[in-house]
Structure formats: C-alpha cells, structure tokens
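Labels A, B, C, D, E and F are assigned to the chains in the order they are written; within every chain, residues are numbered from 1.
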Amino acid sequence: MSEFETGLPSVRLIQSYIKDKQQIELKLLTGDLLVGRVFWLDNSCICVLDASEKQILVSRQAIAYIKSSD
Amino acid sequence: MSEFETGLPSVRLIQSYIKDKQQIELKLLTGDLLVGRVFWLDNSCICVLDASEKQILVSRQAIAYIKSSD
Amino acid sequence: MSEFETGLPSVRLIQSYIKDKQQIELKLLTGDLLVGRVFWLDNSCICVLDASEKQILVSRQAIAYIKSSD
Amino acid sequence: MSEFETGLPSVRLIQSYIKDKQQIELKLLTGDLLVGRVFWLDNSCICVLDASEKQILVSRQAIAYIKSSD
Amino acid sequence: MSEFETGLPSVRLIQSYIKDKQQIELKLLTGDLLVGRVFWLDNSCICVLDASEKQILVSRQAIAYIKSSD
Amino acid sequence: MSEFETGLPSVRLIQSYIKDKQQIELKLLTGDLLVGRVFWLDNSCICVLDASEKQILVSRQAIAYIKSSD
C-alpha cells in the first residue's frame, strides 16, 4: 500500500501542518529548498503552496526532509 | 498497482493540466528544468510536449516537482 | 509486475522508436546524455546502440528522459 | 511490509538512540549532514530534533547513514 | 520477484559477458566508472573483477549502464 | 521479501567479510567512501565499524559498491 498511510505519525504530522497552515521548508534530493505551506498530500505527492499561492506538485520520492520554517 | 492511480488528487491535477493545455515547469532529479505541456501520463512516464511540440518521455521516478509556469 | 508493461503508452512509444530505428537522446540521472537508437527493452533495461552499433545496457531506474534527436 | 520492521537490528539500534537521547549525525543523499537526536521513526520517516528542539521530518529513502556524534 | 529474472534479455546479455570474460565498463549513479569483467550477478548485486582480480560488489540499484569496453 | 536474502551470493560474500573481520571500502551514492569492517547486516542496513570501532548505520539503498580494502 501507500508509504504514507493515514495512521503513520509522519502523515499525521504533515496533516497537522495542513490544518495549521504551517509555513514549511521542504528540501529536495535535487538540493532545492521549497518554502510555503502544505495544501494536501496523497500517496505519490505533496502539494505545496508557495508565497503567491501557486501549487507545486512535489514527488514524495524526491523529498529529503520537511520542517516548519518559523 | 500504479503510484499515480486515477483517483489520486495528484493524478487529477495532472489530468487537468492535460485538459487545459497548461504550460508547466517540470524539475528533474538531474537538476534539469523542462518547460512545455503535459501530453499524457501513464504508470511509468509523463509525456511532455516542448515549445516545438516534440515529445519528451519523462520517467516519473526522475521527477522532483511540477508546477504551472504562468 | 513490470513498470513498462506492454500495454502502456510509454512502452508503445519506445517500441515505435525501435521499429522506426529512430535516433534518440537518453538523459540519465548521472547527467550523461546518450545518443543512439533503441535496440530492445525489457523490464529492467533499455539496450541502446550507439553510433558505432555498440550495445549500451541502460538501467531503466537510471533514466531521466528519452526524446527523438531529430 | 515496512523496510524498518520492529524486529530488525537496525530498527532496534535506532530505538536505543531514541531511548538514550543519543546525539546523532544523519547524512542525507543530498550531502546534508543533520545533527540532533532521534525523536521517533515510522515506516516512511525519521523525526529528528535539532539543537533548538525543532522537528525535522526526514524521509528514510533519503538517508545515507546514521551514527552517534560523540 | 527479481528485477533481473533469468529469462530477461538484459540478464542473458550479462550472462554472456560472464561466459565470454568480456571486459566491461560500468557507470554508476555516483558518476564512477568501473572497468573489469562481470564475475557473477544475483538479484541485488553484480560482482565485478577489476584488473587485479579484486571483487567489487556493485548494487544493481546504483548502476546507470554497462557496456563492453573493446 | 528482502533484497539481500540469506541465500544470495552477495549476502554470503558480505557474511564472509563479517566472519573474517575484513577491512572494506564502502562507496555511497553521496560520493562518500567509508572505510571499516562490516559488523552486521539486515534487510535495510549494513552496520559498519570504523577505525575507532564506532557504529555507522548505512542504508543499503544508499550503497554504490563494497570492496575489500587490502
């Protein structure tokens, strides 16, 4: 099944970021650092909204880490 | 099954990009940034049409993120 | 099963490249760009023939994208 | 199932780091070196607390190695 | 099952390299280029013998491509 | 199942390194070269002891190759 199943602590943490509209930093395996907030997540992707509310569809396989930015 | 099953929000977002002929930017794990529009997607690949309507068959495992370019 | 099952549009596109002896560019996750034509593909690899008809056995997991080179 | 099932020596080692509040270094595939202690782990992620007790949600697929830092 | 099952053309090509003691070049995702001959392969690894007949146990997941070096 | 099942030649080679306390070099996908000896392995990780007998828990997915260092 999914790597980020609903019951997982990591999924619940990300869901709390969604609910709280938490500003986050998302580091990618490319070295890119995305800044914004998590809009939603599914089994393949995390959708991030940047400062201008634009959607960035990020592959979960490409994520190194996520942390709150404040 | 597929990582991008039809019911997933991420698949539906990409399908909306296909339908709307949305210009997108696609960042790869190589660091390359492809610009064009999504022609189709299947379980392994996303087919991107560049500015000259040439097909680029992109492995989904190589994708870092996708966003609209306007 | 295989990531490139026979019915997939991406597999059918590659099979058309094989049949047409299409010159292609194949970008790898290493950043290398291979030029040649596709000889065959299976579930793990794509076999590329370079300009001197030498076989290069490319892991599919290492492929970023494929496009025709003309 | 999970790659880090409970019975695995590697999971038990990480669980001992959690219990002992062991300072660790965590090297990522990006080349980043995170320093802190392990807060918890699940099937997708390891949650690291940095020096200011901030949570960093690290994808396990992005980890190269972990070692104690003292 | 295994990604390199016995019936696959890619496995058969590598087995012919083993039988013929073919000198090969093996490009890794790290950018390293190993030169030697294939000693054996299993589901996880390819064992390469370098010029001094030393065994190098290469993860198949780390391979970009293999080609004969003559 | 595990990628490094007990019956595999690659697992048996690593187990011989453990038994013989063989000095090894371990190249990672990050480009790092670890030197030490293999302490144990499980389905996710290889535990390496460095020159000061410190444990380094290495993700198997991050390994490019292993070879003896003498």
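We take it that a residue touches a chain if its C-beta (ideal position, glycine included) is under 8 Å from a C-beta of that chain, and two chains touch if they have at least 3 such contacts.
A quick note: this is a predicted structure, and the numbers were derived from the prediction, not measured.
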Neighbouring chains shared between subunit A and subunit D, ordered by label: none
Same vs different contact residues, subunit D with subunit F, by half of numbers used: different
Most distant chain from subunit F, judged by the mean position of its C-alpha atoms: B
Rotational angle, Cα trace of subunit E fitted to subunit F, multiple of 5°: 60
Furthest chain, CA centroid comparison against subunit A: E
Centre-to-centre distance between subunit F and subunit C (centres being mean Cα positions), rounded to whole Å: 33
Two or more partner chains touched - positions in subunit F: 28-29, 31, 61
Chain order, ring traversed from subunit C with subunit E following: C, E, F, D, A, B
Interfacial residue positions of subunit D with respect to subunit F in the complex: 3-5, 8-11, 13-14, 27-29, 31, 60-61, 63-68
Of all residues in subunit D, those that touch subunit A in their complex: 28-32, 34, 40, 42-45, 47, 54-59, 61-62
